[in-house]
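Starting off with a structure, shown below.
A, B, C and D are the chain letters, set down in written order, and residue numbers restart from 1 in every chain.
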Amino acid sequence: MQANETKLRVRYAETDQMGVVYYSNYLVWMEVGRVEYCRAAGFNYRDMEEEDGVLLAVVEAQCRYLHPARYDDEVIVSTQVRKAGQRGVQFGYEMRRAADGRLLATGETKHLFCGRDLKPTRLPAKRHAQFGL
Amino acid sequence: MQANETKLRVRYAETDQMGVVYYSNYLVWMEVGRVEYCRAAGFNYRDMEEEDGVLLAVVEAQCRYLHPARYDDEVIVSTQVRKAGQRGVQFGYEMRRAADGRLLATGETKHLFCGRDLKPTRLPAKRHAQFGL
Amino acid sequence: MQANETKLRVRYAETDQMGVVYYSNYLVWMEVGRVEYCRAAGFNYRDMEEEDGVLLAVVEAQCRYLHPARYDDEVIVSTQVRKAGQRGVQFGYEMRRAADGRLLATGETKHLFCGRDLKPTRLPAKRHAQFGL
Amino acid sequence: MQANETKLRVRYAETDQMGVVYYSNYLVWMEVGRVEYCRAAGFNYRDMEEEDGVLLAVVEAQCRYLHPARYDDEVIVSTQVRKAGQRGVQFGYEMRRAADGRLLATGETKHLFCGRDLKPTRLPAKRHAQFGL
């Protein structure tokens, strides 16, 4: 699947006293990007958790901060699957300011498919196509 | 039991672009106060959830903001049980700046005892004394 | 002005281990509601801060939790001005689950207009109409 | 300077519906680690911002998640300066469960010294020794 784009607006709660978005919030936006990527790929991440008992546990996250996002900015989160296998998946992200397309941050996260007990598992066959396997 | 005091330090993450602590974080501090109140009363809130399957669901929360807390301030959260019954409990809070005792905020929360299904339940008898019943 | 409605989707970050939205996040949603109320009333809250140097400092917040919001729920935040004067404003909120209209929470916040020094000030005359004065 | 250790307790607010700490919160803990590192090195990060007008802007952050932290766990954040220069500084972190020393996560952040306008600047000479320059 192509990269999926979703838009969000910076909340006052997400700023800090430096006058810009606090750095951990970009990881929350990546999560929003992942969820919307799944929806665009034809399934609810919530259903995968509830029906299949399969969770996406994060094993690594990285973010490069290029330009600060500010309160009330509209931000476009572009999300794609970089790699996927039966045991895990890797997402890449670009976060841009909607007003002028300026690149604010890039990131990536690596995940393992886990059961409710947080032990590694394999992606059920019915989900393979949804992750491009 | 008397009011229990616990101390925390304001995190950068908790500030906003106004240069002071964002207002929802005081509710997080009240939660920290509740947990430490329980510990001082002789039990872990975690054990109540894990062993008894009893959760404290919030039904109402209120906060009055008197003076802004700032980054790196030490804050003393003073917590007490205002009312308790077999079905629920009500906590009151005072949040003061440690440096000079200045009152920053007061609050209160009302809770119902619930099972893991979030349906109302009664406090197990073995916990009564811990809530002053 | 009538109540303004805005929609948001519950983020994974907003849930807690009880499996529902953590209670302080409803105050963040109220802030989202306020900002969108202002936009619908014809002005950006950001501009009021940046151009006029007028901030909305919270002096009281209250929330009643009626039914838990869950991950991935769409929530409609309905916001209205309950009272407004030259020195402050009071907002009321209703938060409903979009899928079935179920009322999840109600809340209210009281604010004072302040300068950048967080000292009380009066609302500039050019903003009066925007707050219904 | 040696690595500095600081202890914190996992808040309910920091968990998610997976029953473990939500992944962005480890970045908040790294910030707590940085601040306490500075205090141990003999200065308040707050003073650097207020008196010198020098801020530590984040340009990159990374976290590897090895074992999930859970509600009410005590976590030891061990922080050290990996590299420092007049233009920036790089911190490394280890987060361990206090009860048994189990390594939960490792991370690193890269920062540039900036002025209040968020433009790059150099670390004032009086601070050099504090960053080991």
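Quick notes
The criterion applied here is as follows: a residue touches a chain if its C-beta (ideal position, glycine included) is under 8 Å from a C-beta of that chain, and two chains touch if they have at least 3 such contacts.
The structure presented is a predicted model; accordingly, all values stated were derived computationally and were not measured.
Of all chains, the one whose CA centroid is most distant from that of subunit A is B.
Interface residue usage between subunit B and subunit D, two copies of one sequence, is largely shared: over half of the residue numbers at the contact are used by both copies.
In this assembly, the C-alpha centroid of subunit B lies 27 Å from the C-alpha centroid of subunit D.
Centroid to centroid, with C-alpha atoms defining each point, subunit C and subunit D lie 32 Å apart. Residue positions of subunit A touching 2 or more other chains, listed in rising order: 12-13, 18-20, 24, 28, 31, 71. Taken as a graph of touching chains, this assembly is complete, with every chain in contact with every other. Looking at the complex, you find that subunit D touches subunit A at residues 18-20, 23-25, 27-28, 31, 55, 57-65, 68, 118.
Taken in their complex, subunit D has these residues touching subunit C: 12-13, 15-20, 22, 24, 71.
Of all residues in subunit B, only 11-13, 28, 31-32, 35, 44-46, 71-72 touch subunit D in the complex they form.
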